[in-house]
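Have a look at this one before I ask anything.
Chain nomenclature is as follows: A, B and C, assigned in order of appearance, with residue numbering initiated at 1 for each chain independently.
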Amino acid sequence: MLAILRDLLRYNLEFRIGIVLVGIVFILSVLSFFSPYPPQDVYVVPPDVPPSLTYWLGTTSRGQDVFWQLTFAIRNTLLFGFTVALISRVLALVIGLVSGYKGGWVDRVLMSLNDTFIVIPLLPVLVLFYFVMRDSMSWLMLALIMACLGWAYDARLIRSVAMSLKTREFTESSVFSGMTTREILVQEHLPYVMPIVFSTTMNNMVWSIGLEVTLAVLGFTDINTPTIGGMIYWANQHTAMVAGIWWWIAFPTIAVIMTFIGLFLLAVSMNEYIDPRSRLSRMGGAS
Amino acid sequence: MSGYLAYIVKRLAQFVLVVFIGINLAYVITHATPIDPVEQSISAVTSYGNTAPGAIEQMRSSLRELYGLEGSALQQYWVFWKRILRADFGPSMSAFPTPVSTLIARALPWTAGLLVVSTTVTWMLGNLLGGLAGYYQRNRGLKLLGVIAMGLHPIPYYILALLLLIVFGFLWPVLPISGGSTMNVPQAWTWDFIGSVLQHSILPALSLILIGVGSWFLGMRSLVSNIVTEDYVIYAELAGVKSRRILSSYVMRNALVPQVTGLAISLGGIFNGAVITEKVFGYPGIGSLLVDAVYAGDYGLVLGVTTISILGVSVGVLAIDLLYPLLDPRVKVS
Amino acid sequence: MTTAAPASLADTRQPDSDRPILVVRNLQAHFRTSHFGVNRYVRAVDGISFDVRRGEIYGLAGESSSGKTTLVKTIAGAIKPPLEVVGGTIEFSFLPGYGGLHRAPPAEVARIRWRHLSYIMQGSMNVLNPVRRLRKSFDDFARPHIAGTGKQFEAAVIDHLARVKLEPSVLAAYPHELSGGMRQRATIALATICRPDFVIADEPTTALDVVVQKDVLGMIRGIQREIGSSMLFVTHDMGVHAWLTDRLGIMYAGRLVEEAATPEIFRNPLHPYTKHLIASLPRIGDDTPRKGLEGAPPNLADPPPGCRFHPRCPLAMEVCSRRVPDMIETAPGHRVACFAVNGSEAP
C-alpha cells in the first residue's frame, strides 16, 4: 500500500495537488491546539475587523478571530468526516464482503436492504432526527447516525470487488497447495481491496462533510461546537454578507472547498491507479 | 415476455420495501426516541411569551391526540400507518388550521417542476459532453471542460447557491433571487405568470445544474473511455463504420445503460441539493417548507414532508427502473 | 459510393495470378507502455515478411504470446496507442502505394474497409453491439457497400445467412439471445457478405466446442472457395491448420520461423519449433509419450539475443545466441529461419 502511495505521489499530478490541499487543511486543523482563544468564547477580540496583520483573516461579529476559529472549525469538521468514514467503512466492508463472498439468498437480502438505503433521501431523515432530538444531538451522535445510514453505496462497490476476487481465487488452484486462507487474504486480496477502501473513504468524507455543512448552515446541528457549517450559520445569523463582513464567510468557504477538492482528487487518482486501462491510454497519446 | 414481467414484479417489490422501511424509519425516529415531540412543539410555541398553564395543558392533550401519541406503542403504530395511508398528517401548527397535506400539495409542484427540469437538463447535458470528452480525448476544449467539471463537482450545493446569490443578488442583479414568481402576478396559466416562474427558477436550477453536470460529465467520460476499448467498438471501427455512427449507436447508447442506473441512485442526493437550494433562494417548494417547519416546531409538517420526500424519491426510482429494460435488452434474460 | 456485389465469381477470381494480394515486408510493431515510472517496450512483431496469394488460405500458427494477433491487427490497421508501427510495409493489391493502412488517407481506408478487407474477430462473446438487433449490425457494416434498395439488401442478407445455416429470424435477435456458435456464424456471414478480396480471421473457432467447430470451419471453407477471397487464418490449433489452410506460417516470439505449403509443413517440418508443434499433435494409434518443450515463451519486453528460440532449442549452437537467422528458401516454396538448417555463413 505504501508503495502505491509513493508511486502516486511521484507520477500523478492529481494526487500531488490533492495531497497538498489536504495537507494545508490538516496543518490548519493541527494549529487549533495552539490557539490563544478557547473556541466557544465570544467577544474576545474586537468584532468586525477586516483581515490585517494582527488578525490575519479578520474577526467576526461575535468577537472571534476568524483564523483561530477556522482552525477549530476545520479540525472538528475533519474529525467528523473521519469518524463517519471510519464507522461506515466497517459497516460497508462487513456487508459488502459477506454479500460478495456468500452470494445466494444472503446476498439478495442484503442487497435489497442496501438499495433501500441508497434510495431513501437522507437530508429529510436527518432533519427529522434533529427536530426530534434538538439540543441533545451532539456531533458524535450525528456522525453515528450518518454512518449508520450512509454505508450503502460503498458496500456495493466492495461487494463487486469481493465477487471478482472470489472467482479469481478459484483459478488460483496452485494457491491451495501452498498458502493458507489468511495468507491469501492478506498477501493477495488485501492489497487489491485497500486502494478501493482508500478512495471510498475519501468520497465518503466528502459526502458526510457536505451533509454536515448543509445541516449546520440551516442551524440543524450542535451549533456551539465550531464547524465550517457552523461558522457560516453564525455569519448568516449576523447577516454578514449584507453587513459587508465578507471575510467571515469567504474563508470558511475557501477552506471547505479546498478540503473537498483535495479529498476528491485523492480519490480520483487512487481510482485511476486501480484501473489499468486509464494508465495505458494516458501513456499512448495525450500530451 | 415472462422475463420482463418477473422484472417488473421485482422492482415493485423493492419499491414497496423502500417505502415501508423509510416510513418505519420515520416512525422510529419520532416515536422511539426519548424526546417528546409534543414537548418540543410546546417549548417552541411558548418560548415567545407567557402562556397560561391551563392553556399549556390543553395544548398538550390535544397535541398528543393530534400526533397520535395516545395509547400503547402498538396503537400508536397502527394510528400512524392509518393516517399515512390516508395522507392525513393533521393540521399544521405554524399555519393553523391549514392541513399539512394542503401545504404540501401547494409546494410540491414547485419542487417537482424544478427537480424534473434541472435533473433532465443536467443528466442529458452532462452525459453528452462527457461522452464527447471520452471519445475525442485529444480535444482541447473538452479537456478544459473536464478540468472545470473536476473543480465544480465536489463543491456542495449550498456553497454554489450562496455564490450565485452573491453574484446575481448583489454584484449583478439581473435575476430574481427569491420567491417562485413575482409577487403581484396572479397564479394562473398566463404568459405573465409562466414567464415570471421561469425567471425565478433560473438561479435555483442553475445551481443544481452546474454541479450536477460536473458529476455526470466525469462519470460518462470515464465510462466512455472504457467502452471504446470494447470488442464491439473495435470491430465496428475495423468494418469502417463512420465515426459518428459509432459514437452514437455503439458508444453512447451502451454508456447510457449504466448512467440510467446511476440516475436512479442519485435521485436521493439530488433531492438533498434541492432542499438547500430552495431555502437559499426562497423558492416555495417542499424543501423550504421543511426547513421553515423545523424552525417553527411544526411536527406534523416536518413528518409530512419527510414522508412525502421518501415516497416521491421512491416513485422516481421506480419509474426509472421500469423504463430501464427499454434501454437494455439483456435484462429480460436474467 | 455503393458498389454492386459481383454477379458471379468467375470475373473476380484469378487463381494463381502472379500478383499477391498481400505483401508484408520487415514489419515491426511495438508496444510502448509506461505506468508509474515503469517503462516497457514490447517487440511484439519484430521483422516479419511474407506474401498471401490470391484465393489462398494462409495460416498463421504459434503459441499464445507469439504475436499473431498483434500481427494481424497491424495488418488490418487496428493500430492504437500504445501500439505503434516502427518499420516495414504492408501492401494490399487493392490499396497500393502507402505501405500500410495506418499511412493511407482516411478516405482510401474507408473505401477498402469491409468491401475489400474484412475481419472475423477472436472470441464471439462481445463483438456485436449488445443493445442493437443483428439487423442493425448488418446495416451498419455492409449496407454502405451493397447497391440496391432496403428490400434487396435484406434479401441478400437472408440469402447469405442461409450459407451459414442461419434462419432469417436471427436478424431480429439481440446478440445475447444467440448461442456462441450462432453468433460466430453470424459474424462470418457479416464478414463475407460484401465478398471481400481479403478476410482476416483471428481464432474464429477457438471459443466453440469441437462439434460446432467442425461445422463452422466447413462453412468458412465453403464460403471462401465460393467467393474466391484470400484468407489469413490465425489459430494455435495445428489440427485446424492441417484441415483448412493452403500454406502455413509458423510464428515464434514475434518472428516467422518457417513457412511452406501446409502438407509440406506436416510431412517435412524443418525448424525445431515446428517439429515440436507437429510432434505434440495426438494421433490415433500412436501412444508414444509426448514430450513438452523446456522453458517458456520469452518475455517480449526483454527477448533473448539472436534467434529467440535458442534457449529452448535442442539444436542450439553458439552462433544462435549472437545473430538472428534469416528466412531462407531451403526448398521450393519452403522457407526456414534456422542456422542449424541453413548453415551459418553470413549471406
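Keep this in mind: a contact is a pair of C-beta atoms (placed from the backbone, for glycine too) under 8 Å apart; a residue touches a chain by one contact, two chains touch by 3 or more.
The structure displayed is predicted, hence computed values, not measured ones.
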Most contacted chain pair (by C-beta pair count): A-B
Taking each chain's C-alpha mean as its centre, the one farthest from subunit B: C
Between subunit A and subunit B, centroid-to-centroid distance (C-alpha), Å: 22
Separation of mean Cα positions, subunit C and subunit A [Å, integer]: 52
Chain centre separation (subunit B, subunit C; CA means) in Å: 55
Subunit B, residues touching no fewer than two other chains: none
Multi-partner residues of subunit A (each touching 2 or more other chains): 281, 285
For the subunit B and subunit A complex, residues of the former touching the latter: 14, 17-18, 21-22, 25-26, 29-30, 33, 35, 37, 40, 137-138, 150-151, 153-159, 162, 166, 170, 222, 225-226, 229, 264-265, 267-269, 271-272, 275-276, 279, 290-291, 294-295, 299, 302-303, 305-306, 309-310, 313-314, 317
Residue ranges of subunit C in contact with subunit B within the complex: 76-78, 109-110, 112-114, 118-119, 121, 123, 125-132, 136, 140-141, 144, 174, 176-177
Subunit B residues touching subunit C - in the complex, by the definition given at the top: 230-232, 234-241, 245, 249-250, 253-254, 257, 327-330, 333
Subunit A residues within the subunit B interface of the complex: 112-113, 115-116, 118-125, 127-134, 136, 153, 206, 210-211, 213-214, 217-220, 232, 241, 249, 253, 256-257, 260-261, 263-265, 268, 277-278, 281, 285-286
